[in-house]
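The structure follows.
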Amino acid sequence: MAKFTRGMGRKAGLPPGSLLHIGDNRVEKVTISVMDYDASGVREENPKTVGELLRFKNTATVTWINIIGLHDIKIIERIGSCFDIHPLVLEDILDTNHRPKLEDYGHYLYIVLKSFVSQGGDNPEIEQISIIIGENYVITFQEQDEALFNTLRERIRSEKARIRTLGADYLAYALLDTVVDNYFDVLEALGETIEDLEDKLVIEPGRNAMQEIHNLKRRLLNFKKSLWPLREVMGTLGRGESPLVNKATLLYVRDVYDHTIRVIDTLETYRDILSGMLDMYLSGISIRMNQVMKVLTVISTVFIPLTFIVGVYGMNFKYMPELDWEWGYPAIWVVMLLISATMLALFRRRKWL
Amino acid sequence: MAKFTRGMGRKAGLPPGSLLHIGDNRVEKVTISVMDYDASGVREENPKTVGELLRFKNTATVTWINIIGLHDIKIIERIGSCFDIHPLVLEDILDTNHRPKLEDYGHYLYIVLKSFVSQGGDNPEIEQISIIIGENYVITFQEQDEALFNTLRERIRSEKARIRTLGADYLAYALLDTVVDNYFDVLEALGETIEDLEDKLVIEPGRNAMQEIHNLKRRLLNFKKSLWPLREVMGTLGRGESPLVNKATLLYVRDVYDHTIRVIDTLETYRDILSGMLDMYLSGISIRMNQVMKVLTVISTVFIPLTFIVGVYGMNFKYMPELDWEWGYPAIWVVMLLISATMLALFRRRKWL
Amino acid sequence: MAKFTRGMGRKAGLPPGSLLHIGDNRVEKVTISVMDYDASGVREENPKTVGELLRFKNTATVTWINIIGLHDIKIIERIGSCFDIHPLVLEDILDTNHRPKLEDYGHYLYIVLKSFVSQGGDNPEIEQISIIIGENYVITFQEQDEALFNTLRERIRSEKARIRTLGADYLAYALLDTVVDNYFDVLEALGETIEDLEDKLVIEPGRNAMQEIHNLKRRLLNFKKSLWPLREVMGTLGRGESPLVNKATLLYVRDVYDHTIRVIDTLETYRDILSGMLDMYLSGISIRMNQVMKVLTVISTVFIPLTFIVGVYGMNFKYMPELDWEWGYPAIWVVMLLISATMLALFRRRKWL
Amino acid sequence: MAKFTRGMGRKAGLPPGSLLHIGDNRVEKVTISVMDYDASGVREENPKTVGELLRFKNTATVTWINIIGLHDIKIIERIGSCFDIHPLVLEDILDTNHRPKLEDYGHYLYIVLKSFVSQGGDNPEIEQISIIIGENYVITFQEQDEALFNTLRERIRSEKARIRTLGADYLAYALLDTVVDNYFDVLEALGETIEDLEDKLVIEPGRNAMQEIHNLKRRLLNFKKSLWPLREVMGTLGRGESPLVNKATLLYVRDVYDHTIRVIDTLETYRDILSGMLDMYLSGISIRMNQVMKVLTVISTVFIPLTFIVGVYGMNFKYMPELDWEWGYPAIWVVMLLISATMLALFRRRKWL
Amino acid sequence: MAKFTRGMGRKAGLPPGSLLHIGDNRVEKVTISVMDYDASGVREENPKTVGELLRFKNTATVTWINIIGLHDIKIIERIGSCFDIHPLVLEDILDTNHRPKLEDYGHYLYIVLKSFVSQGGDNPEIEQISIIIGENYVITFQEQDEALFNTLRERIRSEKARIRTLGADYLAYALLDTVVDNYFDVLEALGETIEDLEDKLVIEPGRNAMQEIHNLKRRLLNFKKSLWPLREVMGTLGRGESPLVNKATLLYVRDVYDHTIRVIDTLETYRDILSGMLDMYLSGISIRMNQVMKVLTVISTVFIPLTFIVGVYGMNFKYMPELDWEWGYPAIWVVMLLISATMLALFRRRKWL
């Protein structure tokens, strides 16, 4: 939970645009990789210095620069001056606690969004991805090297890929599409976890079921926080106000927008389902509990008058005629059986058993 | 539940417009049927190949092409190239997890909506229907062959049907109207189920009533997810921004819009009713439970002092004067009767019984 | 409840404008009555055939045609063709499950709204009233003959009534005003029922109080469903977009709009009050219940150690010195009194009693 | 509660503008008082007849006419014809159940709002104040003679008051400001009541605390109903669409708007606080209750096995070897002490005590 | 709580612009400090009289005037007349209960916002900061002398600070940025408190946990009240409608807007987390409670039949054959062991233990 705020206050009082990496160092060394392509071919490079990137800046080809690792502030700074990026954007790239947003700086668009990296375990890590969309280049900033964009890279490499004939805006769309499609995987895993939990609740509701429901709720809360603002980002992008995005690409962007809404819808549905499950679990527990108490209380209630009766004939009064009767003892048994039978019948008739 | 997401993530990384059927194969073979009509007559065909459809494309008559079954991607693809449909639309037609939406592609409109197919049982299956509205043709895509549009077909076949004198937009309206009118049937069935459950709750509230209420709530959630976005679809269509829909038809579209709002209103009312039922059921259970416990506890409470008294006279002290009194035993009975009568009177006066 | 949907699905597949009466036949015979007036006089008629209405169509006088009973579809149909009313409007007039709405058909306005007819009993019946406002005529459709508009009729009949000098739009306003003012009566009765229930809850909260609160909530739900859309109807009418409504009349329409908002406000307040009552009732029940259980448990708890003690001296060990003491018996009474007094004091100090 | 509706339905069927006083007669006689001022001086009068007011109508001075008491319909009627006020406005002035609203009739503005008159006791009475703002006059209608505007009157009387140099719109502002500032007093008193109740809840939570919380909630509901629409009234007024309000005065009106929002904010905060208090109170009650039951049950549970044991040695079997042992009796005591000590230790280790 | 309202009503009836300090005197003496800078240098002064400020009014340099302490009304008044500030603004500066707002007075902007001053303890004090932004000066009003702006002062003093080359609007931005960044510190501390509480709840849920959760909720409520309106303030400022804010500065203002939204988002998340914690805590308490009661009741229920049996053989009937059997006593033990074993097995099989 503290990760929502930790590191937030570290910068108070510093001038704006002061670069400071807020987040964990997830990789050891910052890696820069470049894909430069047009319909005729693809060039891939891993430049050692930021200076080498300058070559790609004013070419007719589409250039995708991918930076993995954010802790080396100098590299980010140099890329910023290289591509004329506003210091506030650099600051935002380094601050990994940002909510998704879109900012239009005229000659480039800046988009922040979140990706969920499954670590093998159940609870995916939230990673921040920054995308800068220029005239003929796209720069992406990631916290770690993961396989998310590998399929896209393969697609670009393949000979007749349509993407090779289209501009930087289409590349940006392809990146956004990949990230949003990845949400569906995460949601599917989450949906299965919820389904399993529901099945488990029916079979054997235990104390820790509640803990699990609450954990899932918390996780949904995190997802929602990461996804909700994306709706607006995609909506704004799809309205096509920036000349950097072609009319033809807008159709695709709106498709991503649709997917984003579906993701958010599904999250809402999950939340409703979890609330319903919690209600049902709690009321189920309480109803079952009450039933147990009722049965136990009925048992006590049947025996208490009987215990009284045998107490009566355990008294030591000198003159107790019943004690001397020959059939007194069996008679008292009969009386007690009658009493308990009557009580049980009454309880049963009133549906107390 | 998992059906909200299952298959969602299958496409991550693929280029957009990659055709992939997401959904169940509900029919064995894809069927194409064509109704081509104008005021003078109706021609019906079941072409074997997509190529035969080309003939209907540029005629003055209205053509309704109905495709049942979505798993044969090649057929969908060929229809797409035949009628110049955008790959993203084809992709959406094949993905049966879509929320209702309306997209305007200039020379055609694309509408997705849901139909509820009652399978004889209680819980209707949700089917996706895609409608493409062109200048003089309407193409509908369904997952299975059901009777939904049969009455409409009969209407077209009848000699003097008004529909025969009107364009493709009116046919599209008739299709939408049929689907929305069908919702009322489903809602009516649902309303009866809710009413039955309510009656049952009054007569004999059982443990599984809660399960049933929750099932109904879940079903309403599913319906709402399928219907809520339809409101916007119909609203947009009714605003008449597309030249494909005539002014005269708009009046009818707005009527469907009205019906859609009524359906959603009714869903909301059902939800409120179910919430009220659940509250009443739970508080009813708890109140009845408490009543039972109270009565049982009162019985115990009355007998406990009596048991104490008979215990006293069961003690073996040498010097216990009462034990030797001639009337000791009856006296103690009298005392005990008085005590229990007093207690019961007290309890009754305080409304504990 | 089922009345929300019953009959809804009956029309699926029929062409639009198929006239079908959906609702109960509340009167035996359809009655048509006509009031035709201007400043100089009032003519009243009860024409037997729809044809007789034609005379009133193109006069300078204001004509109010009131139709009671909807089950004779032919009459409705003839009126429709007589006054050139769109088939969809006729369909809506016959479907008594409509939500309030306003539709502008150019040469006439169509308004649907609900009226609550008190049947002597507590729960008023909901009746649908359709109003068609033309240039110089107003047609009203009601399901049954009730006294609602009688005062208005008297007003028209009176010699110097201002209404006689004004047009059809003012007549329509007067009709709407009468219906909305009638809501206040219904609300006042409802308010009194709520107040009575509240008083009853304070004096003697019974099991069926919950049932009554839920019934009232359900009734409010029905009212809300009938009234909420009216707000928009009145708002649209008051904006004065139709040339059929004069500027001077708009002030009056806005007054009705104000009243409608007050009615809805009051409904909301009632709902809040009922929720508060239910909460208070339930927590009151539970607190009182707990109090009872506490007292009963305290009684048991005081007696259980005493019963143990008398049990001890009921044992048959050969060597129990206390049994032979002369003052053993009184001593044990003293001990027991001390124990119970201590316990009661402790319980009282901890506020358990 | 019933005061929300009582009298509402009294007018159904009457023509609009039929004057009818709806509310209580809070004063015996209607009083008219006039303050007529400009920078040079103040004239105060108490005219006996409405006719005398005509003199003030077309003067250059600002005239404030204050009417106290609404039950004399004739007076209201004459004022209406005197100042050319629409009959619907007169009707609204007389109906004291109105929600705050602003209506622009061109040559005058009509504002209704509520004032809270503290009657010494805790629960202030809600009074309706109607304000008519003309070119150079302001007419206020109150239900009773209270001190609310006295400070304002003093301000006008004082020699160099800035208000004397300004127009009728500033006077209207001063009136609104006085009413809204008065809300803060009422809220402050309410805040103190809530604080006291909270303190009381901590010290000794009693049964009637719930009743008090509910009363406060109901009161907040009443306030909210009276204040919420005022926000829109002030907002509309502050937008400066009426030529009757000068640009310079708008700044002041917006200040009142700010205050209104603060009042509503505070009301919302109070509601949240009350909800929190109720939750805490109810869960506190339930937790404490449970604790008591647990302790009592532990006591019973410790004694029940002991009672069983002494029961065993109270049996009358001929052959019970223990009974004849010399140390049997002390041994049984040791056994019982051990058992109870073990149980208590166990309970304590599991935190049941 | 009462601090929301205390002092609110003190001014009712006074003319607007009547200066009155509403708040606590947090410092003894009002301090005025001036920073006057441009790219070439910084001059700092602590003028004793307001008159000395006049020198800075019409210079080309940027002047930051900081007033600490609000209780000396005369000083505020003189500053007001010095810089031509509207009396309503002065009134608002002195009233420390204001909600954040932005007002555009043409030649200056007036902004009110809240700062949270940590007093070493857990619960930060809320302080009101008023900022007046003129052409070339910024005036800030604080209630006490705290370190909040010290880093900013150092930044201005440093030789090559970018801020020295920019105008008053950038200084205003820097002030707002400092305040909003400070919120993150406060939120981080709050987040840690919540996290600690959550950990504590898991280990040992005590009665006062509920009190702590409620205190945190109340604190969040206070924060929300102080922060929510800031969103609109920043949004309005960022829209750049005032000529006092340069285009270049707008980018920075929007960055602060972003931060404000993140602060509010985090607050919302905290509220959801707290609600979840409270729910989990309460249901956890209730479930654990029930478990205890169940175990205790099971113990009683096992012993009650046994006590009955030993009671039977404690009866003093003359003819009780069992009592004379040689193995009667061991036999009864066997019977009792069997009964209790059976009961325990049953209870265990039904998961009651």
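General remarks:
Each chain gets a letter, A, B, C, D and E, in the order it is written, and its residues are counted from 1.
By our rule, contacts are C-beta pairs under 8 Å (C-beta built on N, C-alpha and C of every residue); 3 or more make two chains touch, one makes a residue touch a chain.
Everything numeric here is computed off the predicted structure, so don't read it as measured data.
The minimal number of chain-to-chain contact steps leading from subunit B to subunit D is 2. Taking CA atoms, the transformation carrying subunit B onto subunit C includes a rotation by 70°, reported to the nearest 5.
Rounded to whole angstrom units, the spacing between the C-alpha centres of subunit A and subunit C is 43.
One inter-chain figure worth recording: subunit D and subunit E are separated by 26 Å, centre to centre, where each centre is the mean of the chain's CA atoms. Within subunit D, contacts with two or more other chains are made by residues 286, 293, 297, 300, 304, 307, 311, 314-316, 320.
Chain-to-chain contact here is organised cyclically: the chains close a single ring, every chain touching exactly two others. Order of chains around the touching ring, counted from subunit B in the direction of subunit C, is B, C, D, E, A. Chain contact summary for the complex, subunit E toward subunit A: residues 150-152, 155, 161-163, 173-174, 177-178, 181-182, 184-188, 190-192, 194-195, 198, 251-252, 254-255, 258, 261-262, 265-266, 269, 272-273, 276, 279-280, 283-284, 286-287, 290, 293-294, 297-298, 300-301, 304-305, 307-308, 311-312, 314-320, 350, 352. Within the complex formed with subunit B, the subunit C residues making contact are 1-2, 4-9, 11-16, 86, 88, 97-99, 101, 103, 207, 210-211, 214, 217-218, 221, 225, 278, 282, 285-286, 289, 292-293, 296-297, 299-300, 303-304, 306-307, 310-311, 313-316, 320, 322-329, 332.
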